[in-house]
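Labels run A, B, C, D, E and F following the written order; every chain starts at residue 1.
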Amino acid sequence: MTRLLVLNGNTTEAVTERIAAAARAAAPAGVAIEAATAPYGLPLIVTRADWLLAGPPILAALAAHRGAYDAAVIAVFGDPALEAAKLLLDVPVIGLSEAAFHAAAMLGRRFGIVSFSAALRPMFEDCLDHHGLRGRCAGFRMGPPDAAYPAVFGAAEQAALLALVRDSIAQDGAEAVILAGGPLAGLAPLLQPAVPVPLIDGTAAAVRLAAALAGLPRPARPRAARPLSGYGPEIAALYAGSGPS
Amino acid sequence: MTRLLVLNGNTTEAVTERIAAAARAAAPAGVAIEAATAPYGLPLIVTRADWLLAGPPILAALAAHRGAYDAAVIAVFGDPALEAAKLLLDVPVIGLSEAAFHAAAMLGRRFGIVSFSAALRPMFEDCLDHHGLRGRCAGFRMGPPDAAYPAVFGAAEQAALLALVRDSIAQDGAEAVILAGGPLAGLAPLLQPAVPVPLIDGTAAAVRLAAALAGLPRPARPRAARPLSGYGPEIAALYAGSGPS
Amino acid sequence: MTRLLVLNGNTTEAVTERIAAAARAAAPAGVAIEAATAPYGLPLIVTRADWLLAGPPILAALAAHRGAYDAAVIAVFGDPALEAAKLLLDVPVIGLSEAAFHAAAMLGRRFGIVSFSAALRPMFEDCLDHHGLRGRCAGFRMGPPDAAYPAVFGAAEQAALLALVRDSIAQDGAEAVILAGGPLAGLAPLLQPAVPVPLIDGTAAAVRLAAALAGLPRPARPRAARPLSGYGPEIAALYAGSGPS
Amino acid sequence: MTRLLVLNGNTTEAVTERIAAAARAAAPAGVAIEAATAPYGLPLIVTRADWLLAGPPILAALAAHRGAYDAAVIAVFGDPALEAAKLLLDVPVIGLSEAAFHAAAMLGRRFGIVSFSAALRPMFEDCLDHHGLRGRCAGFRMGPPDAAYPAVFGAAEQAALLALVRDSIAQDGAEAVILAGGPLAGLAPLLQPAVPVPLIDGTAAAVRLAAALAGLPRPARPRAARPLSGYGPEIAALYAGSGPS
Amino acid sequence: MTRLLVLNGNTTEAVTERIAAAARAAAPAGVAIEAATAPYGLPLIVTRADWLLAGPPILAALAAHRGAYDAAVIAVFGDPALEAAKLLLDVPVIGLSEAAFHAAAMLGRRFGIVSFSAALRPMFEDCLDHHGLRGRCAGFRMGPPDAAYPAVFGAAEQAALLALVRDSIAQDGAEAVILAGGPLAGLAPLLQPAVPVPLIDGTAAAVRLAAALAGLPRPARPRAARPLSGYGPEIAALYAGSGPS
Amino acid sequence: MTRLLVLNGNTTEAVTERIAAAARAAAPAGVAIEAATAPYGLPLIVTRADWLLAGPPILAALAAHRGAYDAAVIAVFGDPALEAAKLLLDVPVIGLSEAAFHAAAMLGRRFGIVSFSAALRPMFEDCLDHHGLRGRCAGFRMGPPDAAYPAVFGAAEQAALLALVRDSIAQDGAEAVILAGGPLAGLAPLLQPAVPVPLIDGTAAAVRLAAALAGLPRPARPRAARPLSGYGPEIAALYAGSGPS
């Protein structure tokens, strides 16, 4: 049995439940999903400042569950705390943008990024550069920057999203399309029948890739204890030198 | 049960057996491995011309087994026939270089490529550009271009390889290292205890990632029949329009 | 006398004739053009899979004429078999996309790519990356993906094409424009008077550049015989070790 | 009078004093330097995890002094909290790596990066990508990864550093050289007479560039209050909506 | 007192006066501005040929004033003579495009370029590549290529410009916007109140950055005398070996 | 008959004669070579400042011969005046670095650059970026920066050069090698028999490519007269509006 921790980096429990459901739906056989919520921080993560401040609570949650998972998903587009977590933990950690980009790149030569609102574009631009996959990106198709996400994605919203997906394919030459933004989680399987290229859902991609990475050999990295002040006991434990993993 | 076809693109059965063993060792629970050998072509794939000529027999083998696998691995560094196969088949297909690069990129910020002989370097250069991941590559550490691969990797050969791995880490700043070249398959778990960063084996990476991709939604792509002459019935079938998958 | 082989990579003789005429019109003094047709494969090359399957018949035709030409043009946008041919033959071989890109880059700082139909865009995207000249490309202006090429380019079609060329110049800043796609061969000299930047025709560019490269010194590359199965005698001959060139 | 806040992102007061002295030595006329120390976190910032955890205390310190400076320098190589600070504050904020790269790029076509120890290389690799200036970097010349920084840079250490600088110029073609790493602060003016290209000190570059940016027009960016939990009153104030600046 | 030479590279005195005023308005305390005009050449610099021919008179003017300034600004978008001047003079020299790009990059993750007319686009494309900052550019928003610059920027022209700025932000994701083209000098502070991201004026950026660089240590570069014919005494003096600076 | 003007951009007549001989040796049948020397400027072009100052005399010489050639070669590594000449003249103009890069790229996937002295490296770095072909370059192998070019390339010098060529192939993976630097002109055919990849001579490449481009259609670009002062009658004529070509 492979155990995955899927960590909602914001503080909204309802989002955690939605992510957990999506993760469980995507999990391969033999993989158990545990979901957790950031213990403090932001109810919604939107800006670069949010990503930074979401980092310590994400690390704290990852630390609190140490030993209870074989790989972790930081279930936030923008991948807050990702590089720190990769360094501090002895198991693979993967982010939502990272997973979506890599899965899309393996399923199509050039991938488009589609979102209901343009508010997340700076984050995706940053992530494309950070993960070094800008050359595989065909471009963005996004709604207006101030679009409010609807509570429910009804027929009209789905039609609007499909129109963006089709533009991405026809105008930008996308051969796979990422549905970007937390509220779009779970829509990919629904819309896929109407779309002739793979639709990528970040949570599904991350769960499947995290399970894949969990099975690869990994180095034992003994870590010396290093001084750190001002953080709670979970994060402090990550700086106390190698513990169980 | 997820069924993976692991296809040896050269015609040497002994290599197929070695790859099959490595694939089975790396397969997640619930994943069955079937191995196949290219029906014609080259006993050893080394040059760019080899990659082209290995392509049709690889497509033929993929076509011959159609319907019997949920994802396929083209188990050749250099990824011959990869883009054609992604287009013609209704299931995910992944190459060894592609898998090694993506796995390495998810496990370390910059990855090194280590090989016993420099003969494969042009292929890896081409693949880095093709997959758009050159920016994540820290560089190459390779033996002399005319190094013959030893029949067995004994202590001396392992020590030589470890020295290259350590140069990749210390001189090039690699944070993950790909062991490149078919004959190195299976060495990663053996050498990992002596290495402080993840060692990537192409076959293991490809098997795990193929299983991951097999579970994602995919488009139904009806294909019109198109005329093709001069190829055998398997490849011809791929051009006969959508069949079972 | 420099002898050029201009090879139509598809099996349609009428296309070979059209290409041969365009090649002869563009050939410098002292250069003789011989045209040949791929002995099998596809009547029309459109997809990545087509490029792969067009490769062996192209190699076969190049091999069949070995010794009778000083340089060869693979007269297919997308450059199938190009890298294999460069490796296996002792004379320069150039592809249509390759030639168009290099000629355009020497005649304008940034070149646009214009086509009647968007169907060839993935091919051009791939070729830009493969030849490393994406940074010189100002962008694409193409008709709808499902546009059927007209049998004859009358005044209306020419006007539509000119409109795309002008958008490429005015909107994208193109300083040279490639007319992309086999059916556009021969139009560049016709449209040039109406366009203030160089219009690049792939066949003409390839013929002129192939003749240029034919005159440069080249290495003698003795090749050891290597085993290959499943291909006809022409390709087999390329693997039989160095022959006459 | 322009007021600069120079913020030491680690918790070591002695480092703050050294940075403050270097900053004052480099400050233009009419610029007053105030130095501050991160209120908690790490005594020494080395790893990617450190950068993340140094972020909130840096934001807290920047927030605590809000209204008392016209521009800020985050005086840590690696630029922790930089993008969040740029977003949350109404005055320009610049990081040490960012400043060193931009100053070096304006003073030489290609810049080398020289350091006593290779431990900081991953950070510099990340920063080159983040700031988009990798194409201007000629390469790294660094001591061994485990080199301990000497308490004092005596003649022997200076000679060792000069040898690295000369390699950067002669072997890599550097036309400007960044002395990288906090402990090298203040050495540039000392070594410059022996070096034929500009030597860049991060603190000096950042102080001069921050003063430059402080004088440019900037937008008024009213910020809506947004919920945030688990952080102290300084950071909370940054999320309370626009305050004085 | 820091002395800056701001050099108008065209021969139009009225432009020199306008630039001098803008430079003085942007100069930090303790910085004196001297303005000069190219002694010959072009009244208006637009094309790549113009940049080349503007080069020698710019060098002549820089040489004529040698010893009287601590840093120089070549106040022409396109940066004519920039690399030669950096090499031949012992003080920092900065160009308008160079300064605008670096300032914009320090003030926003991705910057847009806005201009009244598209005529300058090729120049900006060239400069982005030359300075290696294309990756930071979000795109161009420009008026028609044949737009004549109005003598005065009245309300209508300002509104048109603001519309382009807003497109750059909303459509391209620009987080800072460069107002490009000499005639736009001085507009940034006027329009800034209506724009939520930093507006960059080339002259202001160059003056502030030149003052910043003037205070950094610089190498003594003795230069051997080298033969040069056909140029006037000022340029000849630059080739006569090291003189006063 | 196609007429090529091969222009030596420095003022040394002996170099012109050597270049003319090399150009004639490489010229295709039906191509006549006329050689010319820059009327003033530098006897040897080495630095970036030299390239700028070599520009106007090169333009003057190109203008003086207008109407007497169908394409021109600026026979200087570093390509001074190249972009201006392309713009001002109605016939193709090609530079030595430009030609060497494009020819090498068409003859090998990745090309090395070999030179007797490292003094030209900054120039080649700049040219790689300018022509957008850095991704095709495998690296530099050069003698010491202060190496004096020998008057004659005897056996010892040729052996030293061959050693650099072999390092480029074996260490850097070069599949074609450019012999860089004027004094190496003419050596490629001599050394080619000892080298297993194509050796590229700049002059030969430029002559063949210029002849190739001369045969392609080109736009009629009427040019309005524009004011220019301070230059001689030849350059002034280029600004007097369209003349005969």
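In this text, contacts are C-beta pairs under 8 Å (C-beta built on N, C-alpha and C of every residue); 3 or more make two chains touch, one makes a residue touch a chain.
These numbers come from a predicted model, not from an experiment.
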item: Distance in touch steps, counted as few as possible, from subunit A out to subunit F; value: 2
item: Greatest separation from subunit D - chain, by CA centre; value: C
item: Cα superposition of subunit C on its sequence copy subunit D - rotation in ° rounded to nearest 5; value: 180
item: Chain located farthest away, centre of subunit B as origin (C-alpha); value: E
item: Between subunit F and subunit E, distance of the C-alpha-averaged centres to the nearest whole Å; value: 30
item: Whole-Å gap separating subunit D and subunit F, where each centre is the average of the chain's CA atoms; value: 43
item: Residue list for subunit E, restricted to those that touch at least two other chains; value: 83, 109, 126, 129, 132, 135
item: Chain-level touch network, classified as line, ring, star, complete or other; value: other
item: Touch relationships between chains, expressed as pairs; value: A-B, A-C, A-D, A-E, B-C, B-D, B-F, C-E, C-F, D-E, D-F, E-F
item: Partner subunit F, residues of subunit D touching it in the complex; value: 109-110, 135, 170, 173, 175
item: Touching residues (chain side subunit B, partner subunit C) in the complex; value: 11, 39-43, 47-49, 51-53, 55-57, 59, 81, 83-84, 86-88, 126, 129-130, 132, 226-231, 235, 238
item: Complex contacts: residues of subunit B adjacent to subunit A; value: 2, 26, 28-30, 83, 86, 92, 94, 98, 102-103, 105-107, 109, 131-133, 135-136, 188-189, 192-193, 195-201, 204-205, 208-209, 211-213, 215-221
item: Complex interface listing, subunit F residues touching subunit D; value: 118, 121-122, 125-126, 129, 134, 145
